[in-house]
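You will see two complexes here that share chain A, one where it goes with chain B and one where it goes with chain C.
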Partner chain A sequence: MNIETTLQQAEGLLAPWNKEATHPESNRLDVVIASGSLRHAVTALHNAHWGYLSAITGLDLGADAGQMEALYHFCFGAALTTLRIRLPRTALALPTIEDIIPPATFFERELHEMLGFKIAGTKSNDRLFIPDDWPDEVFPLRADFSIEQAKPVEGRQTDEVLEAGVVGGNKFVVPIGPQHPALKEPGHFEFSVDGEIVTAARMRLGYAHRGIEKAAEGRNWIQNLYLFERICGICSHTHSLAYCLGVEKLAHVEVSTRAQAIRELVAGLERIHSHLLWLGVAAHEAGFDTLFMYSWRDRETVMNLLEQLTGNRVNYSANVLGGVKCDIGLEQATAIKEGLNFLETRIRHYLEVVTTDTMFLNRTRGIGTISYTEAEEFGLLGPTARASGLVRDVRVEAPYGAYKQFPISAVTETNGDLEARCAVRLNELLVSCFAIRAIIDNLPQGPLTVKMPRKIPAGETISRVEAPRGELFYYIKSNGTEHPARIHVRTPSLCNWVSVLEKAVGRQLADVPMLIAGMDPCFSCNDRMITTVDRSGSRQTLSWTQLRERGIEYYRK
Partner chain B sequence: MNIKNDPLWVNVIKQIRLWARLNSVWAVHFNSGSCNGCDIEILATLTPRYDVERFGIKLEGSPRHADVLIVTGPVTRQARERLLRTYEQMPEPKFVISVGSCSISGGVFNGCYNVGGSTDEVIPVDVYIPGCPPRPEAIVDGIIQLLSGLRDGTLRKAEIPQTTGQVPA
Partner chain C sequence: MSALTSLTSLLIFPAGLTLILFGMFYEWVDRKLVARFQNRVGPRWFQPFADIVKLLAKEQITPKVVNPFLFFGLPVIAVSGALTAALYVPLIGFAPVRSFTGDLIVTIYLLSLLTLCIGLAGWNTSSRFSLIGATRALTQLFAYEAPFLLALLGPALAAGTWQINLINDYARGHWMAISQPVGFVVALIGLMGKLELPPFDAPEAETEIVAGALTEYSGRGLALFKVGKSIELIVGITLVSAFYLGGLHGVLPFLAKTLGVLFLMAMLQSLLTRLRIDQTVGMWWRFGSILVLAQILLTIVLKGDLL
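Entry: the complex of A and B
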């Protein structure tokens, strides 16, 4: 189905509530609706299986305008439908849609905490990603926010409340993190266990929340390139790529095919580095440290290639607005080909290991199985979704940049368990190797960069890129100045957490680290939420002070 | 003979302690809001290419068994208390290595509303390793500088931060 008919279909579905429809770009449909009809409109799209909810963006139109906007973005292949709801700043009430689309709960929490929208009927009211000592009615992404308003509230501590201890009988709460040997990044989990079986899972992130979206509004377009690259050190290239593609679209600048091909090549190398890193970490969680050491040893090969190409091992800054900064000569091409030869043999070997090694299979086969329907319902993205047979890959569904010229094929598995996720990721690397070779052999000629204006014309755009972990979503709005008006980032890990929290309940506690590793979480990317899945009901909250007293008393006896 | 009062024995025991300390450094890693770039480079130093285990360095999970705290990232508001607590849980003598530009000055995130600033505003830092992120070689070099400073007694005394209000033990 082509984009036009898909959009027409969406327009037809939304017709009863449509107040005003526009086509800002050829693949986009903007529909203005009233907040009262939001649930009807979302249900209509959801029941017709029209794509999936990709993100919810909140916009503050300024204190003078007195209005705010909530944008609900639905993606279906390359087509995008945005439901726009305008609300006065004094009455920011929106109905929840988390019962229709479960992952929306994270987007809604974000909307509430960053901009102060009141979500009526939502079940989760815990802090999402702003600190615990943050004052209640202060919203950092509002236009009139100043840091003076955000003074810590007296009597609230960021590290005070800790749920732990015996809940009764065999029930126990196991707190994990934010500093924990199994976690390389900070996140806090509480798993209630009955004996060995997990009965409830809860998590609190926000330890790595830095406030990048707000900072971006105060920096110019070029400075922001380096800021967004540092959202995540593992997938830094895809972040800067999504940003560059969006800004270039706004500025109506066409990047040369050579630069686009080099961008895809670096993205391919980055995917290899990211997935090999993940394989090592997953093996480490399974207690298979030999595989961890081997995969990290081989990963150094691709790190060398990235360094040779861009000058840095991590945060390569290969992208600049209007092109790339690095070229590929004969020397680099030979080195990359040699590196790929070595890596391909190693990847094939790892593929054999993860699908035949009995010990490893005991930790992966049949564990955390997610069916196709569940994957669709949870709104999973990237390799986690593809392991369940759900094709969610922007490179295939909506090819951008050089992916039109050097297409790749989507790798899928059907089992949906941890083994399938291992296989999907490793097979994906072979596809990436193939694509990189094709690019080197047929590298188009052309300039590396084209001139970009310093001021970007007013407008808004959406840029979607496939990161190693799934679809990365950027909403970029310019008001014609040297600074962006608003940039909203939705990272893939945010959508994939549901797979861990839902699947941990009912499993053994020992499977939890593997489940967490199975989705390849990136805390620094998605650090913005909290959620609770509780099927037992009983729970006791102890403050840190109480717990300390309890401990002292225990040792006195 | 009382070993505790005999200057010869006191010196011998001191030397043995130092020898043990220099050859079995256990490190605990704390990410206080980093982008992950430094963290993967720290992990890379533990893996075969760089292999810091040849210096007796081992990554330890619990701060209660660790000698060295490796901190990455700008200190976010939510992570600040936990960083202080992790530091307090470590037994004496303890040393802190601050890895990466963000950890040293806030880096690219300086001025963000949720970022408190550098690590040395919260806990005393002994060694700084700059870079965004620093190369594994730089991290290995930083650790070696800490160890050689300890061996020669030339390690600069870490400044106790003023902003914490209390002097960490």
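Entry: the complex of A and C
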């Protein structure tokens, strides 16, 4: 099915509620509907298996316009359908769709907490992203938000729930996080356990919020490239790539094929580094430290390659608007090939380890199994979905940049357990190695960069790329100035959480860290959108000694 | 006079100070070996010692809810248990300080005292991680204790005595690792379970329950538990190598044999993935106990002195 027929099908499905339909881009359908018909429209798309809900973007059109918009983005291959709901700022009620599409609950809570949409009928009323002492009715992503509004409310603490766990009698809650050895980044989970068996799971995010989406609105297009690159230290290249592709699309700038190929090459190297890092973390969670040490040792090879290529080990800044910063000469090409030869043998070895080592398989085989239908229902993305046989790979479904010229084959497994997730990720690396070699051997000629305008023409676009963890979704809106009007980022980790929360229940506590690691969560990716508040102004400033005493005092209670 | 000798042997040589230093040395060897197997540099030779000094110098935080008597007493009991156990084993290749018929059983239970203390300590601090750690430590104790005891009874039956000293002498001419291989393997792995070394480190699996039963311990209490563990490491290794590796007579054979066992243990630690607690228990009762029972039956039958 090509894009046109797919979009026609969607238009047909949505016809009863369609108030106004446009085609902003060749692969996009934009349908304005009333909030009352949202549930019908979503059900129609869902029942027809028309793609999956990729993100919900909230837009504040400003106090003058007096309106706000909620955009429900559905993706089906390369085709995109957006359900657009316009609401007056005074009556921001939306019906929940979490009972139709479970992962929508995260998107809805984001809409509510960041922009103040009222989600009617939702079961999740506790806060997910913003702190518990954040004042009510203050929404950081609104256009008229000012930092003075964000005075912390005294006397509201996150710990209440935790303390209830011990005294609560029959309910015994094990907290994991925000600070916990299993987590490399801050997140908070509460697992109620009965003996060793988990009976309920709850999650809280937002500990690494830096307000990047809000910050982007005050910076120009070039500054934002570096800002978005810093959303994540592991997949920094894919973030800047998604941003660049989107902005270039808005500016109608065609990047040279050479630059596109180099972008894919860096993305491939980044995937190798990310998955090897993940392998180490997963091995450590399972208590197999030798594998952890070895995989991180070998990861140094790819880190060195990236450093040689771009000058940086973590935030490579390989992308610039209109092209790339670094070129690949003979020297780099040889180094990359040598590095790949080594890495490929190691990856094959690790693949053998994770699929044959009996003790490791004890901890991975048959654990956290997600079937194909469940994967579809949970809206899983990336390797987590592919391990269940569900092909969710933007590089294959909607090739962007150089992926048309140097295609990738999707790697899938069928078992959907932790072992399958290990195997998918490692096999994927072999595919990446193959693609990188092909790029080096057939690197197109051309300039590295083309000129970009400072002001980006007004318009909105959606840019999707495949990050190591799954589909990365960028919604970019320009109003024709040097600054973006709104950039919304939906990272793959956010969609994959359902897999942990649903699958932890009924399992052993010992499996939980593995389940969390199994989806390769990235907390800094999740926690990107809240505004940081300078707390020292509104709260008493504590010296180090005072802070320490306070900690000890608190602990003694 | 005899009280003075007893005190000296308990506090200075061979138990006490000497033993603690030896224990730290063995702990270092273990850490270094595992590090090298994992392609890391590993700690310097004085690291375990430095750890203890640092911990002793640190503030000990006592949680409000604990019973202070137990909180301070348990580490002391754990260490004294381990030190007392050391009196009955041929440390450094010398004959044990104390010896009587049936001291094997006493020693094994003195060694279990540490685990019991850790379990109680975890229960006493009533932190969630400690509670789960304590439950796991005690569950694991019930899993490996019987097979480990049976594995040590094999050589005792072969030697016809339950006195460690005499078994050690009997072992001089009998390498029981060869005649009772199953017993040797079970004893070795049981020892790793006793010491909560990987893959039996579920009671202190940091990715789930931070530091398990000892999560709330800091400063001196933690230092004492660590010392207790080092002592138990060396006493346990001594016991297993005395029984199965042709006895320990003299300093050089002692070093060679115990370090050999330690090498094996370090290798297993780096090769194996942590077992879940249910898998640990299942493994011991389904395979460990049954195999070692068969081994013991075989020993009895071959000895020919059944009834």
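Note that the second predicted complex is superposed on the first by the 513 of 557 C-alpha atoms of A that agree within 3 Å, B and C clash if a C-alpha of one lies under 4 Å from a C-alpha of the other, contacts with A are read in each partner's own complex, and residues count from 1 in each chain.
Keep in mind that, in the parts below, contacts are C-beta pairs under 8 Å (C-beta built on N, C-alpha and C of every residue); 3 or more make two chains touch, one makes a residue touch a chain.
The model shown is predicted, which means the values in this text are computed figures rather than measured ones.
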Touching partner for A:Leu443 - first (chain B), second (chain C), both, neither: neither
Touched partner set for A:Asn315, first chain B, second chain C, both or neither: first
Chain B versus chain C as contact partner of A:Ile130, first or second or both or neither: first
First, second, both or neither for A:Val396, with chain B first and chain C second: neither
Partner chain(s) touched by A:Ala335 [first = chain B, second = chain C, both, neither]: neither
Contact breadth on chain A, by residue count: chain C or chain B: B
Touched partner set for A:His180, first chain B, second chain C, both or neither: both
Touched partner set for A:Thr290, first chain B, second chain C, both or neither: second
Chain B versus chain C as contact partner of A:Leu509, first or second or both or neither: second
First (chain B), second (chain C), both or neither touched by A:Phe172: second
Residues of chain A contacting chain B in one complex and chain C in the other: 180-181, 293, 297
Chain A to chain C touching residues, read off their complex: 165-166, 172-176, 180-182, 193, 195-196, 283-290, 293-294, 297, 357, 359-360, 362-363, 508-513, 552, 555-557
Sites on chain A touched by chain B in the complex: 130-134, 140, 145, 147, 150, 152, 157-159, 178-181, 184-186, 206-212, 214-215, 218, 226-227, 230-234, 236, 277, 280, 292-293, 296-297, 299-300, 303, 313-315, 522-524
In the complex, chain B residues that touch chain A: 28-41, 43-44, 47-49, 59-63, 73-74, 76-82, 85-86, 107-109, 111-115, 132-133, 135
Chain C to chain A touching residues, read off their complex: 37-40, 61-64, 126, 128-129, 131-132, 135, 198-199, 201-202, 205-210, 270-279
